[in-house]
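Next up: the structures, one after another.
In the two complexes below, subunit A is the common chain; its partner is subunit B in one and subunit C in the other.
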Partner chain A sequence: MNDTTDIDDIINNLRDDDISNLHSGIEIQSSLDDSFQQTDLTDLKKAWLAERMSPDILAFQTSLIDRLMDRIRIQAAYIEENSMADFHNSGDIKMKLLIVESELERIKFLVRGYLRTRLSKIDKYTIYIIQSGENQQEGNADQFDLRLLLSPQEIQYMERHHRILLNLYNTQFLSALPAQLQRLDDSSGGISMVEEPDLDKPVFIRVLETVERPIRVGLDEITLEKGNIYVLRYSAISKYLIGGEVELI
Partner chain B sequence: MYGDIANKLIQDAKLTQMLETLPLYQEELVRSIVREVRDLHRDTEAVLARYGGELPTQDRKVACWIFVQHLCMRRNKRCLLAYQRLRSTRLDAMAWNDVDTMDQEVLNNLNPNEQDYLRDYSELLVDYKGEWVDVDLTGSLEPPRDLFIDVRVLKDAGEIQTEYG
Partner chain C sequence: MDSLKLIGLRVPKMSPMVQMQVPLWLALILKKQARCKIVMPSWLEEEHLRQVYERETTVQDRFSDQLPWRWMELSQSLLAHASDDLKSPLAKVRSLLQDIREVRLAKARAGISELNESHVQMDNLGHMEINELRPFAILVMDQLRRITSLTEPEPDHDDDDYDNDDV
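Then we have the complex of A and B:
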């Protein structure tokens, strides 16, 4: 049996006024600006996808996540309220709650995936991120302080995790080694011990705005034209990603 | 030969990758590797001291020997780090999967420092998760498909009570 038919049937059977009820039910709950509502979900999907696809860490979407979290709380409260109050009510409200809850689960999944992807990158590149901040403080202007891309909570998480990890290495064996071998960010001996993101990783992109100046990839020149999809090295397009001319897919 | 013990440690790490649970911490191996590094270091320092602390570039035989000593030390260090890194990553995963940090069976295979680490990381995780209670960070990473599962009624089961009444 096709497992989606049932829910499709129910949705098809909804009368128009049910749907408008539904909308008012969902939207009344929110005191936030309407224009944000439609784009926020698209933006979240985009942020989630971009974070999963890009080799290095991107800027934390503070205001987007804040708005969504507010709304998740409101919706959760709405479900709570109505499932209790309208216990004996007709199927209408149940259907409405069902849809709200499904949608809520989906959004939670996206937020969860977004945050966990970031955490895994933070764990992987901890020393690289911390060093980028130190290099910049030493007046090395080429290097961007990657810590600016993290949320305050993420910075806290990273620093604490780094501290306990360092403590573990030290107590286990590092402190027993000769002094010049005790560092974790050792790069003498020809091999750097700090793991860095592979910025030359190929990524799929879709162009949102045509970029007039052709970009150089090896010996070729490419003009990024609106609507087209390319596979390029991340390093070649990262600045257009930040500028919003392209998106990762 | 230099580095032999470290090889054993790496083999253990390789085995660990294939196991579901963390095997016993190789305390003895780790300690002998550290001892080897210190021995190598002491010998090297002694020879260097004879040349006044400078690398004897004139005497290529000695320079080469010192170079090899250094490489062995660094290799040993990398092996130690790789081993511990693998284990700490597994400990992190345990914290995410909400393994009981008091469970003796889990703790038996860890050495005291690792136990401390597991406890610290679990605390850290609780704090970070506390910022995001609404989305339940440890929840499933599989996309949700349906709130409900489909059932076909085979036998009349009478009235059942659900969350929505």
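Then we have the complex of A and C:
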């Protein structure tokens, strides 16, 4: 219980000066980025959907997530500040809190979904991602270092998780196996143990901007026109996804 | 209520009898508290739905483009929470929506036979309808792709980048 009173004190101290400063700061800034905000939210939804639907891992939206996390913090502070304000205030503040909280939860859901989807892909393709980095360092320029697509936290997570898992496997059973069967990235025998994303997996896309040049899918050629919805293999459109001409749905 | 700053938007100052545009989730919160009336989208009125239905039944090989992208989700939540704001009779709208859904579903089912290993076009399908099709369509296409890649050597789709430089 000591903790809560401590926090109360701190917030009480803060409330009078710092938060009012904070809010006036936001006011000035807000007129500038009102439209900016709206696109951030649509961008987040898009990033979330794309990440959920694409078979491989996409680039981490660093600045978008940073901006949103900042705003999530501001809104959480707003809730905290106002829920402690005296309650014999009108019902208006309750209504406002309800709205702010609902929105906050909606956005947290999206952010969480986005990060979790990425983590599940990172878990699945850990060895593949690590190898792509090693190959590049060895001078195999044809392979892109997938670690560049991850955020620093994600890399840290991946490396630690991999180390712990490796350790567990080794102590539990790998050490009891013959030496030639101990590797986790064995590719002898024609089948690679390393799981790779299947880039030919079919995906649903919607075309946002008409692409003039027809693209080839298998034996056919198709022209992507604005508003079209297609199901086709991911590898055929992945470069248009990054360019923003199509979106995954 | 005074204006309010949210993460995704700024809610303007709200006063009674003034129309304004807010996201659906916010409108539904206000509606549940009986603080607002929702102005129904025009596509959710009987007249428009009847037109859509007629188009859907006359044009066999295509989906009508007169419904919004998330028409099923929107109509569902609007009718469930704000049916009293509807100008047309609720039962009519419901049955029309149901009819439209069935016609479109039948078309989508017929379209399944068109599935192949490379690509399928599905213009004007709603988001919900796509999600209903997704697991099946993806599974079928994936299997077909595996089968064809076994029977014939796959044309190298990696050279997408070059195939436009035909000189």
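Criterion: the second predicted complex is superposed on the first by the 213 of 249 C-alpha atoms of A that agree within 3 Å, B and C clash if a C-alpha of one lies under 4 Å from a C-alpha of the other, contacts with A are read in each partner's own complex, and residues count from 1 in each chain.
Here is the rule we go by: a contact is a pair of C-beta atoms (placed from the backbone, for glycine too) under 8 Å apart; a residue touches a chain by one contact, two chains touch by 3 or more.
Keep in mind that this is a model prediction, so the values were computed, not measured.
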{"item": "Which superposed partner A:L208 touches (first subunit B, second subunit C, both, neither)", "value": "neither"}
{"item": "Contacts of A:L219 with subunit B and subunit C, given as first, second, both or neither", "value": "second"}
{"item": "First (subunit B), second (subunit C), both or neither touched by A:R106", "value": "both"}
{"item": "Partner chain(s) touched by A:L98 [first = subunit B, second = subunit C, both, neither]", "value": "both"}
{"item": "First (subunit B), second (subunit C), both or neither touched by A:L41", "value": "second"}
{"item": "First, second, both or neither for A:I72, with subunit B first and subunit C second", "value": "both"}
{"item": "Subunit B versus subunit C as contact partner of A:S235, first or second or both or neither", "value": "second"}
{"item": "Subunit B and subunit C contact sites that coincide on subunit A, given as residue numbers", "value": "72, 98, 102, 106"}
{"item": "Residue ranges of subunit A touching subunit C (in the complex, touch as defined)", "value": "26, 30, 34, 37-38, 40-41, 68, 71-72, 75, 92, 95-96, 98-100, 102-104, 106-107, 200-204, 213-220, 222, 227-233, 235-236, 249"}
{"item": "Residue ranges of subunit B touching subunit A (in the complex, touch as defined)", "value": "30, 33-34, 37-38, 41, 70-71, 73-74, 77-78, 80-81, 84, 88, 92, 111, 113-114, 116-117, 120-121, 124, 128, 131-132, 134-137, 139-141, 143-144, 146-147, 150, 152, 163-165"}
{"item": "Subunit A-facing residues of subunit C, complex", "value": "1-2, 4-11, 25-26, 29, 33, 35, 117-125, 127, 130, 134, 137-138, 141-142, 145, 154-155, 157-158, 160, 163-164"}
{"item": "Touch list for subunit A against partner subunit B, complex", "value": "1, 3, 6-7, 69, 72-73, 76, 83, 87-88, 94, 97-98, 101-102, 105-106, 108-109, 111-113, 115-116, 119, 123, 153, 156-157, 160-161, 164-165, 167-169, 171-173, 176-178, 181, 184, 186, 188-189, 191, 193"}
